[in-house]
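Consider the two complexes below, in which chain A is the common component and chain B and chain C are the respective partners.
Let's turn to the complex of A and B:
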């Protein structure tokens, strides 16, 4: 924010910010640096490297960049992010928000209530619900498909990636929906009403009026859900990364190396790469926001 | 801005207050207590062992004047391993842990286990244990684990199917060609069945390494880890024979079904198929016979002892290969070095390891004994399968290289076999990729190729 604050002295501001700084340092900054440090060692959970880890500099990164399972996880993560965060949560959230904007009363409350419900249920419970829903023999989905004459499908096996994309979309759309709904509220109704009077179609109204008004919020939403989706671990509860690594997103790959093979150093180095990717996203966001301001 | 600062302060203090409030409440008691952690829960994994503990503990508590707290867990083995590694690293683990023999080296190296050697000279039961079994609980000359049970690996077969295919019983192949010849006969007689399964693939996990790749590799006279050189072997004639054998049985002759062994829940499906007589010959462990096929269990076979035969797994038949081969694992008890009272913990371990106590465990679920008096006891004699296989196979059974890098290399062995049996890579290409993967794990200087 440009301009200094007249109400508080610089000292008071720092005093108020100090607790936040301390918390952020202890819980965010320090662990992040610790992960970077660990990533440069061959620290393990067991074995001689648990007691006497040595400094290996960039060896872990070299190994990661030469490991096809790393690339597989990276690819799966991007597809997962594109499918569930962008096409799923953001697009669906936007469509829902715009439809609800025109809608009033019971249905509006019902749809947003249902979406928020999906958002506030603990993740482990949600994962269990989805396993129960998708199960081949007892799942509701297959029972319904069976009732109308389709053959049963073992979803988590035949379409593991699609399953976790839909799961994560279902889980997270509420956030985008809420954000877009409140953004739509800020558009002066007169804009849309006069456009309607002038005979603008729905698509014209969307691109000419709504989109320019909510662009900043759209950007914020995209960056936030991209970061969250990239870091999410819950799909593990559905597929465990399998079968045959077909749903192994990057966090599951990190888990596998760190807690299955106990290579904490290597896992940390891949975590650092994940951190870098997230920083890259954040940078894009800042750039885009900066450009918009000057435009 | 003011409100923002205030809310931050509020959050900060609301976080601090409960943290200050929860001071640990130490339970004071004059009776010394010992905690035992075991991956066993009632109605779940290892429920037999859990029941056995419940029956044993009151007696031990009375006898020794102590309190024993059993901490149950009911999770997958590898998750249990991660849990105890974190427990031990944090220095807050149970005093005694039910532990897989195979984890000893990496935990011992990290200083997570108490060496038991000081207690052994005055332990009356020591002389009863086979040296090979004490060896399996040791690492670099020190003993860390007392083996309570072990297992063996061999070929199981449906007697009737082999008889129908014209194979004389009892069947005992002398080399790999004899296994293939018998399987071909079964295939001719029953074209819809799977004549032979030697495990492979990532989905099968450790079962694809132990009763799959390694039993073949050792059977071809090969090694995975060269003790003398201190290096991991990534290519050798035995490696080539093993990969060729996989290719032969799964691809060339279609004696095994690659789709089955690489699909999810492959192991459970295999159990089901074998139980229903859809697989004729299967290489598995003692546990498969005593637990999976146990009459009354979900994959149990009624009249199991009459219907199912077993044969020693032969070596490849090539010069330098062993005549027969088996692999063993097992588990027992270890003590945390952070225990407050090591002597007491040891006494509890010794008490759990007495003949009468192990006999009771055997009655809950049969296993291959690790000590002589148990092997000869009347309790074991009631289980002819154990009584016969133990003396026949124990003399030549071997174990896996117990080194910290093994679990990951094991994964790449599974991948290697998967790529061959699914035809994704030729044995040669798959072996080269395996070599590169192992080099990535242990470093090129710690690998060796044998011509």
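Let's turn to the complex of A and C:
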């Protein structure tokens, strides 16, 4: 644009950009690269290796690939994602959005309001709400199940993975619900009405009218919630990863090896694997968005 | 829709809504209960749990720390992001859009979980472990890319005519920003402030990694420690504390949903 620099000199532009960019470079960009370097050392949290770490090249990665707890964490993370992000948040969000589409008014506010409430309350609070809810002796869930004749179950102990999957579905469904609700609003109502008049069943209407219209949003949603779910730390507050590592998702594994076992170098190598996974999802997201723009 | 179909649908929706609300019931009942437990114990309402909380020094200190962290970060993010957003909006250089996209990629890829180790190591090198400043800087860096993106978008829509007029009066850089542009982007700054506040106020992981002593702990850490400390957890105090802690977020929730509807929350968290 001609003359667009007329308000601000180059010096001013530079001075306005500098503080934000310095902060971002030091505390966001630098750590992302430094973690790769740290992952190649035997840096420790305390002791001599905290001050004078040595370079060990790919040893940490070899150790990780030979550690059954690493595979365990990958597996648990995968099940956690599949269960709480895909089958949980996305599917439930879609079903709810479609159910609420024709109801509007009170029902939409009631259900969306409840879901959003679960989504915005601080994570420490919701974690302890669920510890109370699932408690073996006093918890509301066991009280209700007991009233209809079931015996008490120590949910967080006997079914830790199921518990954090259901917890995380409860926690995060609001995002998918809101996204799909707004996507459904963009479908011309005449499409759905005329399909109804022609006698299309609910299933036919979903696959032939709704799905093609919201496919791009569905893809965006899946990529985003998968990325977030892979990086969520809240289950730590519910189970601490246990009992005996049965709910140890990758973030808890990174925390345990780095801060409980003091192996910062090793934790860094696993962190850089997680960073790569995240980068993959981010690029997928850009690709999906780019395709939508061109379509 | 056939009649019984509608009934089934409404029963399904009621059950789902109950599932969302039942775990929250504890937060509504226990802080006012005379016999607080992990169960739902309905008694004559009492404020004794709040009195107990008011006596707990760590709890009050943590409240102050949380306020310092959240307000400090929000102020820093709004100021730096509007300056940068203004500069980006009123300048043209090759790769400008790519730069903004790159920053957004960094902010979504470099999550607290993926970067907890290098951020800890960095703060250790800078002698910033157990410092509220470190927490503020880490949060600010994390939210700046999104904030710059939102505010640049807002400033793009501010007509340049105002600045042209001020330019004739002899105003330059800082004046243009402080007197003309900043007052006009109030709504954008409010969106950024709410977005940052809700997320930073609620965050557990960053202070969990960077804060080492009780004296510096924000509320999220204090509640975690009250719950995990040896002995019987003081359930009454914890529940009252949780409610007070959730209150600012709940107030924002009711205010925003009343004013803009629930759709607005789509952009608020993440």
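Just so we're on the same page, the second predicted complex is superposed on the first by the 252 of 295 C-alpha atoms of A that agree within 3 Å, B and C clash if a C-alpha of one lies under 4 Å from a C-alpha of the other, contacts with A are read in each partner's own complex, and residues count from 1 in each chain.
Keep this in mind: contacts are C-beta pairs under 8 Å (C-beta built on N, C-alpha and C of every residue); 3 or more make two chains touch, one makes a residue touch a chain.
Only a predicted model underlies this, so the values are computations on that prediction, with no experimental measurement involved.
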{"item": "Partner chain in contact with A:165 - chain B first, chain C second, else both or neither", "value": "neither"}
{"item": "Chain A residues touched - chain C or chain B, whichever exceeds", "value": "C"}
{"item": "Partner chain(s) touched by A:76 [first = chain B, second = chain C, both, neither]", "value": "neither"}
{"item": "First (chain B), second (chain C), both or neither touched by A:244", "value": "first"}
{"item": "Partner chain(s) touched by A:49 [first = chain B, second = chain C, both, neither]", "value": "first"}
{"item": "Touched partner set for A:90, first chain B, second chain C, both or neither", "value": "neither"}
{"item": "First, second, both or neither for A:8, with chain B first and chain C second", "value": "both"}
{"item": "First, second, both or neither for A:184, with chain B first and chain C second", "value": "neither"}
{"item": "First, second, both or neither for A:20, with chain B first and chain C second", "value": "both"}
{"item": "Touched partner set for A:260, first chain B, second chain C, both or neither", "value": "first"}
{"item": "Chain C-contacting residues of chain A that also contact chain B", "value": "5, 7-8, 13, 16-17, 19-20, 23, 259"}
{"item": "Interfacial residue positions of chain A with respect to chain C in the complex", "value": "1, 4-9, 12-17, 19-21, 23-24, 26-32, 34-35, 38, 43, 92, 96, 99-100, 102-103, 107, 109-126, 128-133, 135, 137-141, 143, 170, 174-175, 178-179, 181-182, 224, 227-228, 231-234, 237, 251, 254-255, 258-259, 264, 267-268, 271, 274-275, 278-279, 282, 286"}
{"item": "Residue ranges of chain A in contact with chain B within the complex", "value": "5, 7-8, 13, 16-17, 19-20, 22-23, 44-51, 63, 66-67, 154, 157, 242-244, 259-263"}
{"item": "Chain A-touching residues of chain B, taken from the complex the two chains share", "value": "1-2, 4-6, 8-9, 12, 15, 78, 82, 85-86, 89, 103, 105-107, 109-112, 202-203, 262-264, 403-405, 407-408, 411, 440"}
{"item": "Contact set on chain C toward chain A in their complex", "value": "1, 9-10, 12-13, 16-17, 19-27, 30, 37-40, 80-81, 83-84, 86-88, 90-92, 101, 103, 105-122, 137-138, 140-142, 144-145, 148, 160, 163-164, 167, 172-174, 176-177, 198, 201-205, 209, 219-220, 223-224, 227, 238, 242, 245-246, 249-250, 252-253, 257, 262-263, 265-266, 268-270"}
